[in-house]
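Chain lettering (A, B, C and D) follows the sequence in which the chains are written, and residue indices restart at 1 in each chain.
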């Protein structure tokens, strides 16, 4: 059995999530290759060593450059803050490594394109961590749409709202700074729902008109709470979109949406039915079919189960529930099995990551010029 | 006790709803004036007579011109299809009658403005049937917003979606024709959610950018199902809006939204909390307060009860439920008590009806010119 | 058209509800007889006069004996506290009047039986105000069960929980006293869910074992809050029941169930599907069919609409909502149309009222003797 | 760091679940001991070898007797069908092994008591897999109850309903046979909700009266579908219970409850508030406080998050969701950390497992003798 050596860079929120998924993926899925947790990089050797022990990696380093050169590392897993994605990815690609990067792929569409083209030229495989599409429930939504059960899609409404910055006294952090994060809510959260829209509708978003606002314009300096620093990117953004086939859509995202803890949601209306979903109830999908007996029409709450994609690997009984880390485990399965098989493409890859960045940039531009923007005009 | 004589024109869907509300309003509310169901007009004397008997009106006519001239009629209640609102209203105003008109007030903002100015000049009172704001639950939402419980509003999301034309085989009717209906989903349904937005946010919508689509472009002729007729107005429309204070908003409306039977809904996000509501569960309001203990935060489902506006008149126990007609009964209470007291203003009146029409026209225009439109530029 | 003269005795909570229903019933339903609000009785002539004016009754009296003798009164509507039902009903029956009584029919099964037999002997029609079964949504449940859609019923779970006495500082009132109310939560609330069980399962409850508890054993005297009075009947009761065909059931009732404002609910499990309902969402029924495609199974939320029983009389659009008073309006329709037609039986009548009282007494007895009781052994 | 060697016997449904939890527990929790997956037993050496590879165990055997004698095995994990629990546990205890057994502990209370006393005498630690109490959401419920937020508990309603045998054509299996399973729905599912009741109320159940029914009395022989075999235990059972402090309760369980996929649920009513929970929405708890402002009362939906027990180890953001296997991972954490520390007691242990079996037997007995049974009279 082929071995796939993983090198993980960054062990904050999402690096920890990756590690939990690495731990359970082989048991859950019986992977097609042997997953080896080879190398882990953090900002200091000490922190790296601590995390390697916690997460089960063989070796560790305070210098990610060593990691990307390591011959036992087949894939570099980038879990750093956004602004480092590009530098690390380009360096790792130049070493011929496959790349598994968190989203958003880069601070700008231009950077994302450079990364995509570099990977393409180097013929390495890439995967971007848009993990919500790996959820069995959302895979079921995709299956229902693809099968034509709800007819042709005529409207997509999607949100990714959270409230992690809803309190105006929360000190500023890197998410609020252009140089570190790029866009604000759009980049951090909007990226997910934009990618979800493309995945579910099965069409690229081709034109957009957006509106954006920084509601809390300054925040306390974490080192001196009496001092206020400028928030440099948007707290909330909305956009009307059109998909390439003419389908209409609306996207909303906010990091100050009081009460939304995991407010990714979608309502997808077709000519024959409608799907409705909220990630806060991640194991249930609501399905309405207009073709039902008119006296028995209604939204049906389907609990994800073993008859739906990937669920049975976690549990053979329906309705027993899947968790946040489980969808990352599906992503890891896709990564490892995809790398195990030379002919298999990973999805969503850097090309898709670039497309998403381009749409986000188009929304930001349309907000500036106050009119619709063709996504293909961006770069 | 003063008498208020009502003359009702039109007895379809909404005229019947008005009549049920007229019947129960005096018992529910102990009105400040005696409500007299004086006169009823329909398209033929026979139908008028039949409906007068059913609905408890004293007299009937097949000619609405007689009704508006009748000295016992104090207020003319216009429940006809949209395209007749203007003619009837102007004629009745010229007779010095107060007007109670269904929405949308007119086919265009221009017509609506003419009606408003005529009423103003004649010093008659006017009321437009935006009945959803009369629901005790939505009045509670207004109370919560006004009291500052959820802080300053930073985002309004509202829909009025239904599926009455979702089936492509449903024959064409007057709703689909420009001359009879004016706008499509926007005029029929969008009017409600636009007015609701203004009521709840407490600010006028000042600029808009909209997108519209006729998905089912032709429908069978009801008289010859093999023959297809062109659908002349939009099936679905979406808009980004800004309120006069800068607050962002999104409006969605559709008449082909599979599964939505009474899909008026809103999510109102403030700096301290959020309100969420769906008219399909018309007696419950969801309220989230970000100021709650972080370990006990969540959306609370409040069942409307006697401690909330107007509910106690229907029932003194909480959670026992109010129905569609009950909110119209509140509207009738506002009408009769407002007419009983010379100093009292009715709301929402023709001025508000005009403002709503102007916003709808602005959305339609923005869709044509593909850029934002200042509402005040319309007329 | 035949005239039906109504004499109403008692105008508290439920008398007011009846009056609202009387007001709207003729418009909503186009009744088969002319409903005349003839006479109203209250404890003083002054209060009676005031209420008659508010509720639209022609005449009033401080002496209900006058009312029951009045030749223009065809049906006596008893809305007094429970302990007066029997005396009034027997007196009115002796005058040959039809009786429309609120529930519970009497303080004991023995009294209820006497009332039923008296009505039967006098050949007058009777109706008991178990209004929740008149709700279009519950009628839909009945229709689904009767049609066999969910197969044979194997389990009934029902509650009627409220929290009107949950606060231990709420002063004592007549509901807590044996002489005035008879049973506590069981009589006031349990009566509804027991009758609902019989209606929906379509079988009589034949044996029971119950448990009861007075949690708050004394309450402040309303006239002297420092003084405490004994609560004489149960705050909460539960029972296992068997229907005559062997079907199992569970009944729960409480007046101290914090958070339940209108907590009548049922879950009815059949061999092919399940129905679930909560009166707090009175216009939606949840239906699960085990015969659905296993990958598309789930509870469907059906919004009551014009294709379901009686709804269309209130509104011709689905999902627009019905209210608490509307189900009473259906009951009034049944009353008036039932009295208009000599061959029509009213339901639920005094016989059913007696059966319910007998079941409640059987539950109370089983609680005392700590073993199952055959309902037919009670009386 | 101490090593804890695990020997797993049985790799069906629940053995697989244990293995997934073993895989992720060290990463999620940074355990206090080194978890070693030492030995795995199955019915044949071949199957054992296959599963050992899939689940990451070092060695395997077709003979569990070898496993329990192995010096590297510190704890024997029993995931076999119910009827083997006793034999294996007693044998393993005689080898001085700690025991981690799935529920129900044994086929009868008598067997369970023998196991408990054997473990006590041998001074080995025991844990029974009542994993639903390990869910962070249910731990939050416990925390709320313990803190007194909802006052004194006055009523517990709990269910564990599923529909895995709802189809009458589903062939018979060991769950339906007395010798293999003991009780039916009560043993398989009821055990969970009975234990949950004791955990949450914080009191033992002291007396019960139950009702039971085998609805589908025979099922096809899986080897010959034309042949029918007798179902030997109950499909559904209900019971009224009293806790040792007098608190009332109701328990319902069924394996033919159409539509319930993971129908463990509870409603716990206190003197100041109420908690409501369904395992099908395993990451949300509904909390009602009667002490809230009366005009703002309602059930609040709390999404489990990092401020609640154990959640933060899975994810540091609220509302991101936990899955079925995650609660087993908490159980593994309790097991390993409990074994790592000599002074720590495991919970729920064999004593609790015995108590649960005794309650189940008491319910079954009460069904036979048709009267209440004191649980302490059982054994």
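To be clear about the criterion, a contact is a pair of C-beta atoms (placed from the backbone, for glycine too) under 8 Å apart; a residue touches a chain by one contact, two chains touch by 3 or more.
Protein names from UniProt, one per chain: A, B, C, D = Myo-inositol 2-dehydrogenase.
As the structure is a prediction and not an experimental result, all values here were calculated from the model.
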{"item": "Selected pair, out of B-C, B-D or A-B, that shares over half of its residue contact pairs with A-C", "value": "B-D"}
{"item": "Chain separated most widely from chain A, comparing mean CA positions", "value": "C"}
{"item": "Approximate Å spacing (C-alpha centroids) for the pair chain A, chain D", "value": "35"}
{"item": "Length of the line joining the C-alpha centres of chain B and chain D, rounded to whole Å", "value": "54"}
{"item": "Length of the line joining the C-alpha centres of chain C and chain D, rounded to whole Å", "value": "41"}
{"item": "Interface hub residues of chain D, defined as touching at least two other chains", "value": "260, 284, 297-299, 303, 305"}
{"item": "Chain D residues touching chain B - in the complex, by the definition given at the top", "value": "284, 287, 294-303, 305, 307-308"}
{"item": "Complex contact set, residues of chain B against chain A", "value": "150, 154-155, 157, 163, 166-168, 209-211, 213, 215, 236, 238-240, 242, 246, 248, 250, 252, 254, 256-260, 269-274, 276, 288-290, 297-299, 370-372"}
{"item": "Touching residues on chain A, where the partner in the complex is chain D", "value": "13, 17, 19-20, 22-24, 26-28, 30, 54-56, 162, 164, 260-262, 279-284, 303, 305, 314-326"}
